[in-house]
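Let me begin by presenting the structure, written as structure tokens, before commenting on it.
Note that the chains take the letters A, B, C and D in the order they are written out, and that residue 1 is the start of every chain.
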């Protein structure tokens, strides 16, 4: 279905400075759902770095279902992410939720994240084709694999080849987990394209205790890395506390992933 | 779940000039998927008017799954819609696919349509709260009713009370129809809120022969009107030809709806 | 997909004594989820009859998700149904949940109901091909229309042409309603086959207040009748109380359906 | 939700002769979709044994969507399975599709398989509670995890504690794969119960090339073993040829699984 597409003939690796996503070295992205305070994000960054992560995640602009929920710190959050990057020697990934915000976010981020609800915001995708910064495109929670790849094609065909996919769970009839992480999709996308693919077991399960086993599964099935929510104090998180790893959970996860990576002839970057 | 929301306490009617959507008089919106040419849209407008429709639909900016598909005529399409409005005495509804296009589309349209894929584009929704033009918010193809109502709440809470909902089918496991039109949702939304709700049996089924029976069902269950695709020559339509009514199908539909409307103590505006 | 199938070339009507299901006269089946006591079922039967229903429903063997839930009165329930039939002049429909129970249930019932969970119990379907009693085959809650029709084909091809279909809602991501009643399916099945189709808005919505509007929609879209849960005292029902109509709801429903039936050139049997 | 259930307090291991399912030693079940001939099943059995499998699978009674599809060899198929068991030193698992067939199949099989379509055939489940043979209960293709566990509870509460679960993919909107293998479910079931769980990546993906990566993912996430379709000549298989491994695919899979098993502190039985 995809033979003449640019996603099919992609170079396969996306560089973030010296980091290469899509190689045999697996990348680890971690951090809180939202940037909440200077103290919180610096603490999170310190732990990401110490335990072997390379990229700090954290939302400054949050796409929330209710207009009355916390919407993020905005530019102040971007500045705190940049400070954490400087102090801890990490890269940062953060979400762009509107085409008008691209320029602002692009001033700070190393990777622009496009969230599930915006996967088919084609105006936004076209504009992302005009920036030089890599884009991580999350799969829509009810998007088919074909639709997802065609959304990546929008970005690439408009000029930006640096697209990374991210599987974050799909919406099904099952309510015992927040979403159903679709690991079939990882294997199929690897067969259909050369694009790097990251797995997000935090949103994919919605439950802290399931993040570790599903992250291992994601690496086994062929993902090029993980993105997980980790919070210094999940009980006080302003969003997604139930699915956020604690610092010790995160340290354990990295240990476990090293073994699984080796079993599939890969390694963590560390 | 919604007791303090503005959608719960909505005034119930949205006025488009002299038209009132959400009353006992049902509104009919019809026209092609996309504006393709002057001849096509004027012919469509003539038939909408002649058969008792009040609002002409037609896309000038089309959100297409593939970047290589026809993307619409853009502003040229808006001008043709405006010409059809003048000549035939209709109102027009057309889609806004990006927040940057709001101002342009708002110069032409009587109702701004927000498509399924943009239902959770919160940046767009907030900006729609700042315009004076009514907005028709289609349900996301995998959005829960709660999420849909909270998206309407975004628009209203940012200042624009003139929101009309539109159910256009949800994505399920069933592949024999393009989507599954969710008529439960119409009845439930009518119970939970005062917002007007329109039914779109064209996208909701994806099959011309099913549009008539599902439109009747939609009116029976409580919808305040319909939006259907109709094309002077569906076989040559640039998009959605398979679900577009012919002119004679449309005329028959209006006859059938008059009877069903009466059975539920309503009438067509005609 | 179905051109050589027996469901395609079906005679179109199923006779239950003098009743014909699948004609321009619509059938009404009503009664409690389960037969609970002599008093309850006789009272329900009286109201079904008085308000214009022809067929009494009530489960004697209940397929419950938990082994610890009420499983029905068994043969005692069948006897009570038969008594209600005699006293009130109704037909009865009740569920067969296992192939070993066919003979027993067939001694009492006018129509054998096959529930959603058994739609693909092919051993059971084959044996139903060997009985003379009409069978109402509910759609599996996640069965495609094609699978549903092929299950009907199992019964017919094994010798029993008297199959009635029943749409009772499908399982989707939406949780605000118990199931999503699929009215597309009614219209499509009417196009693909000649089989009679009944609509079950009680299971299809799971909510009393939605039964009336969805029943009207079902008749508008082409169903040959309805099956609804009605209980003399829903608050004390042993199962499905939340979706059971009260007696006065039921009387109102019949009034409303008469008008809608007329709008689509049909009538209630009454 | 399950605190007082027998599935919660299960002993954790199911013995098949000397084999223990649910321990740190992972079990491998493999073989064709259906027993087709003596030559085919003996060849398959030889390869299962040679490459390190312990249990031969093969259907003698096939639950097919269409009544006109191949329905299996029946008792002749059971005899061929028994012959293969004797000659090759394997255990056998085969499906029971109707409660009337339990006794017959139980005369031959070491494990009775209950297929996805029968997961809520409660009459069948109750009777399986009365046999001494272990039962492998596949998840219904649209069953929630809670419903699945309650179906297991039916068997255990009626007297048979030897239940093994099997995740085989669920039905979602995605059509690029036959089903969506739900690996969240494996991890969650391990948390909620002590029951052994097997993963079926053949039905879970429907595509030969995806079986290997998803089997690895299944082991990483905590499954106690795999069941895969393998056919000496998939191109000529009477069913499921597209998802059947070749003999060399199977040999490679076992090698790969050994490494992944080790990474999660388990081993193959071999």
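Going forward, a contact is a pair of C-beta atoms (placed from the backbone, for glycine too) under 8 Å apart; a residue touches a chain by one contact, two chains touch by 3 or more.
Protein identities per chain, from UniProt: A, B, C, D = 3-deoxy-D-arabinoheptulosonate-7-phosphate synthase.
As the structure is a prediction and not an experimental result, all values here were calculated from the model.
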{"item": "Same or different contact residues where chain D meets its copy chain C, judged by the half mark", "value": "same"}
{"item": "Chain pair with the higher count of C-beta pairs in contact (B-C, B-D)", "value": "B-C"}
{"item": "Approximate Å spacing (C-alpha centroids) for the pair chain B, chain C", "value": "34"}
{"item": "Averaged-CA centre spacing for the pair chain D and chain B, given as whole angstrom", "value": "48"}
{"item": "Numbers and ranges of chain B residues touching at least 2 other chains", "value": "142, 146, 171-173, 175"}
{"item": "Parts of chain D lying in touch with chain C, wherever the complex brings them together", "value": "63-68, 97-101, 117-118, 120-124, 126, 140-142, 146-147, 150, 153-154, 157-158, 171"}
{"item": "Chain C contact footprint on chain A (complex, rising order)", "value": "142, 171-173, 175"}
{"item": "Contact set on chain D toward chain A in their complex", "value": "142, 144-146, 170, 172-177, 180-188, 190-191, 204-205, 207, 209-210, 213-214, 216-222, 259-260, 262-264"}
